[in-house]
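Below is one structure; the comments refer to it alone.
Labels for the chains are A, B, C and D, by order of writing; each one numbers its residues from 1.
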Amino acid sequence: MKGLALFAVVLTGALLLYATGDFPAWGSVHSPANGGELSSHYIENVRTETKVPNIVTAVLADYRSYDTMFETVVVFVAGIAIIALLRDFGNGSRGYPPALANNLPEEPDLIITQTCNLVIPVLQIFALYVLAHGHYSPGGGFQGGVMLGASYILIALANGVEVAMKAMSERKIMLLAATGILIYSGTGLICLLLGENFLDYHVLSRILPTDPIMARSHAILIVETGVAVTVAAIMFSIYANLATRGTLKGGL
Amino acid sequence: MIPIFDIILLVFLVVTALIALRVRDLLAASMVFGIYSFLICLLWAQMTAVDVAFTEAAVGAGVSTVIMVATVYQTARRSKD
Amino acid sequence: MGEQAPIAIVLAPLFGALLIAFVGIRFKALCLPVTLGALTVSLAATIETFRTVLSEGEFIYLISGWERLGEGKGISIGIEYRVDAISALVLLVIAAVSLLVAVYSRTRVVAETPDRIPYYYMLYLLLVAGLAGMTITNDAFNLFVLLEISSLTSYALIAVGSRRAVLSAFNYVIMGTIGASFYLLGVGYLYIKTGVLNMEDIHAVIVANDLAESPSIQVAFVLILMAVWIKMAFFPLHAWLPNAYSYSPTTTGALMAPLVTKVMIYIMIRMMVTVFGLDYAFRATLGMPFNWSNLVVSLSSIAIVAGSVMALSRRDLKKMLSYIIIAEVGYMVGGAWLANERGMTGAVYHIVNDAFMTLCLFLAVGVFIARTGDPRIAGMNGLFKKMPITMAAFTIGALSMIGLPPTCGFFSKWYLVGGGIEAGQWHFVGALLFSSLVNAVIFFRIFEIAYFPKELSDPAPECTDPDAAPVATLQRTPLSMSLPLWISAIALIGLGIFNHTITQWIGSALGSLKFFPPAG
Amino acid sequence: MEFVEQFIVPKFNYWIYVVLMMIGMHAMIAKNNFFKKLIGMAIFQTAIILFYVSIGVKEGANIPILDHHMMPGEVHANDPVIAAKFTNPLPHVLMLTAIVVSVATLGLALAISQKIYREYGTLEEDDILSQIKLEPND
């Protein structure tokens, strides 16, 4: 088995290296990918077509918004899949094999708890900043959402999962996760109801008090908010289930 | 020409990847994987992929490592290989 | 709203899943009605799309409304859908099969995963959305995202099953991730040389810049082929499939067995036809002294023979069917690579037929296991007397698998054999006939047991999973199980009777293609 | 030495990505411990991301965010945007998606491995296989 694995891996590697010789030089401005019409179009027209300075945000949430919607769905799928697999609706510890988590101290450490209490509000404010400032600086829905989720994970790490679950109960996680995707796909659906194709944001200018191009910019913020809501809820849910083998009690 | 900083980072990447797969203590392996993620995040910032670096820092080095550690705590810490 | 139908195919299951998240978790009884409603909307949208394709030919749907750039065909800057007769046909299969299995699941999901009903149906709907999205998209990277959705949902749907299912789900995760990553890498190799992501644009750039001999494109071709082969369980990359399908919950097996491998075969054909072009697919080699067509048809012959032989020695019903699926995958891969129109028609036609054949057999086996609680072939002792109607449907499915007229299995096999003869690939023809023979042996052995009951020598096995709640056997078959079974059995005969119409639809999509017989 | 200068140094990124990918893939196939397999999987996926990001690099180019003054209504609104001055944003977009997909896969795979641990009490492949051999199956 080991020899076979090594053979398959070396064969794949050799195949990949064989093609490397054919690649354009690293950092070339004129390679098909970098100098091609597609990428140049994004860079040169993004300010007139969407008014978003961060080109990555514009391409992510407008030109390729459909990808991003399903990327959010991937996160959602992971969240519900982990609940479906691990969530223990009965008595979890029955017959569970010995694990490291069984002999953890009961009481949370004072220093860690206090430090986390200080850090968490700042972290959450920063997460919202990252989300809202995604048009102008690196960041956006995913990064903001992950940081927001991480702040809840931090609460759970410091005080135990039950404390964090008070702020973000299981029911709330599902509602928030679904709401996030609903915000995203609902925005697309509104475009569809207004008579244009799915996710064609410019038509939103009919209901938003802006011109069609600015409507794209606003719609990007709306869908990024949806992404952030889903990602934050699911990231916390993934941690809460994995850290407690699905019982949602105790934790690390 | 690739900057020398890149080359150093890339070599370190391979080293951390190998260590993460060699150590038998899975908790240590998770932590080394966290280091690997931070190095690769640095590399992307250096390659001007700031958004990717940001996401990798938050997702790869942050959440991934945390859920890996959580799993180690709920399963066995020692590995045979 | 007719022109918005393509997007509704994917959105209906997605919104259904969201609705379950909102209300289904509290009111578990609503999960199934929501699922059925969403899938019905999806089916209606598919039929509408299909009618549009039949009347107007293939068409493009621009998501986000970004028009193509430049003069002529230009390049796409957004993401598009592209529907032609073949993809519409595959979409129709996805919508119909998923709706039938959803009806079938009514008692099974409650019995097998009682505390996870809403999550199960959410994953179910999202798997359908992923498969439909993969079929309809015209963007190489978007296909990867939807591939991952369908993969993640199917890992989870398998792993909610018994003790062994979890282990096979893990193996599937490892294999599936290698496959999906290879696909992503292949798209990257295409992107570095072409600079575009739209499938038709990639093809246009490859032709315009004469990149056919470029090593990157060749490696991309190999990587994408390996990826789809892993995902469709093409022998010898099939290791994940048998355990995954046979240990998973009944509904999961009945949904995944007809759809997942078939959609991947469609993706392979799509890659050959739209991205690389047929002349590329049949001729290109990595400087080796053989061409792709001969190589892949030989591999398919091996796959067919190997799958059939492995099926012959199985005593577990679902496992035996799983190995038959592996052999059937060989049929379709081989047919697509025969490098002639007859073979390709046969392959596409067989995608449709095989989906309904596997559906019929898996549904019937699900009924048997629900009634007797015994997954082995020996457990079918005397079933003709006990449940004649179900057994009749099973017989139709089995006859179609063997390839007897008037069931549809005969007609698609006819095309495949004809294509094999036309291409002069005698070993492929031989493998097809051998596999039909083996299927005949397998199924007539089952009929014998079922017709002429004999005393059992070995008692039924103990329940292997001590933790699993014992699933009570049903006293009679509920309508929700027998109705989908019968519809699928009737569909097998219907697909056979209307074989001429269906091959004409396929031909209308293939007609514009040029088939290059492999040189040498 | 000439080979190194001509083939490896200008494409060092691509070589390292292949090495990382091979390390990860070998771990996925050959490691005995399931958790190690998953670490290998994560390395495998980051290697592909490294490949994509390397495609988009342009020498002397800046991060793909336009200067605020270049936006409509601002001082330099009529200055042309030169594509060569900004890194190719498209691979970054694709890789944001890929990172999220990889963390979703990792989370799900970890959940499956926890469930395996619950069922079998170990994460070593050979131990599990020997347990299965003792059970009746087809």
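One rule holds for everything that comes next: a residue touches a chain if its C-beta (ideal position, glycine included) is under 8 Å from a C-beta of that chain, and two chains touch if they have at least 3 such contacts.
None of the values given here were measured: they were computed from a predicted structure.
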Per Cα centroids, the chain farthest from chain A: C
B-D or C-D - the one linked by more C-beta pairs in contact: B-D
Whole-Å gap separating chain C and chain D, where each centre is the average of the chain's CA atoms: 28
Computed distance of Cα centres, chain D from chain B, in Å: 11
Length of the line joining the C-alpha centres of chain A and chain B, rounded to whole Å: 19
Interchain centroid distance [CA atoms averaged], chain A/chain C, Å: 30
Touching two or more other chains - residues of chain C: 141, 145, 148, 152, 155-156, 159, 185, 191-192, 197, 467
For chain D, residues contacting two or more additional chains: 10, 12-13, 19, 25, 29, 54-57, 59, 61, 63-65, 90-92, 96-97, 100-101, 103-105, 107-108, 110, 112-115, 117, 122
Residues of chain A touching at least two other chains: 16, 21, 23, 26-27, 31, 33-35, 38-39, 42, 54, 56, 64, 67, 71, 74, 77-78, 81, 85, 99, 138, 142, 238, 242, 245
Every chain pair in contact, whichever chains are involved: A-B, A-C, A-D, B-D, C-D
Chain C - residues contacting chain D, complex: 141, 145, 148, 152, 155-156, 159, 163-164, 166-167, 169-170, 173-174, 177-178, 181, 184-185, 188, 191-192, 197, 314-316, 319, 376, 461-462, 464, 467
Contacting residues of chain D [partner chain A, same complex]: 7, 10-15, 18-19, 21-22, 25-26, 29-30, 54-59, 61, 63-68, 70-72, 80-84, 86, 88-93, 96-97, 100-101, 103-105, 107-108, 110-112, 114-115, 117-118, 121-122
Chain D residues within the chain C interface of the complex: 25, 28-29, 34, 37, 41, 44-45, 48, 51-52, 55, 90-91, 94, 97-98, 101, 104-105, 108-109, 112-113, 115-116, 119-120, 128, 132, 135-138
In the complex, chain A residues that touch chain D: 1-2, 5-6, 8-10, 12-13, 16-17, 20-21, 23, 25-29, 31, 33-35, 38-40, 42-44, 46-48, 51, 53-56, 59-60, 64, 67-68, 71, 74-75, 77-78, 81-82, 85-86, 96-97, 99, 136-138, 142, 231, 238, 241-242, 245
For the chain A and chain C complex, residues of the former touching the latter: 15-16, 18-19, 21-24, 31-39, 41-42, 62-67, 70-71, 73-74, 76-78, 80-81, 83-85, 87, 89, 95, 171, 174-175, 177-178, 181-182, 185, 189, 192, 196-202
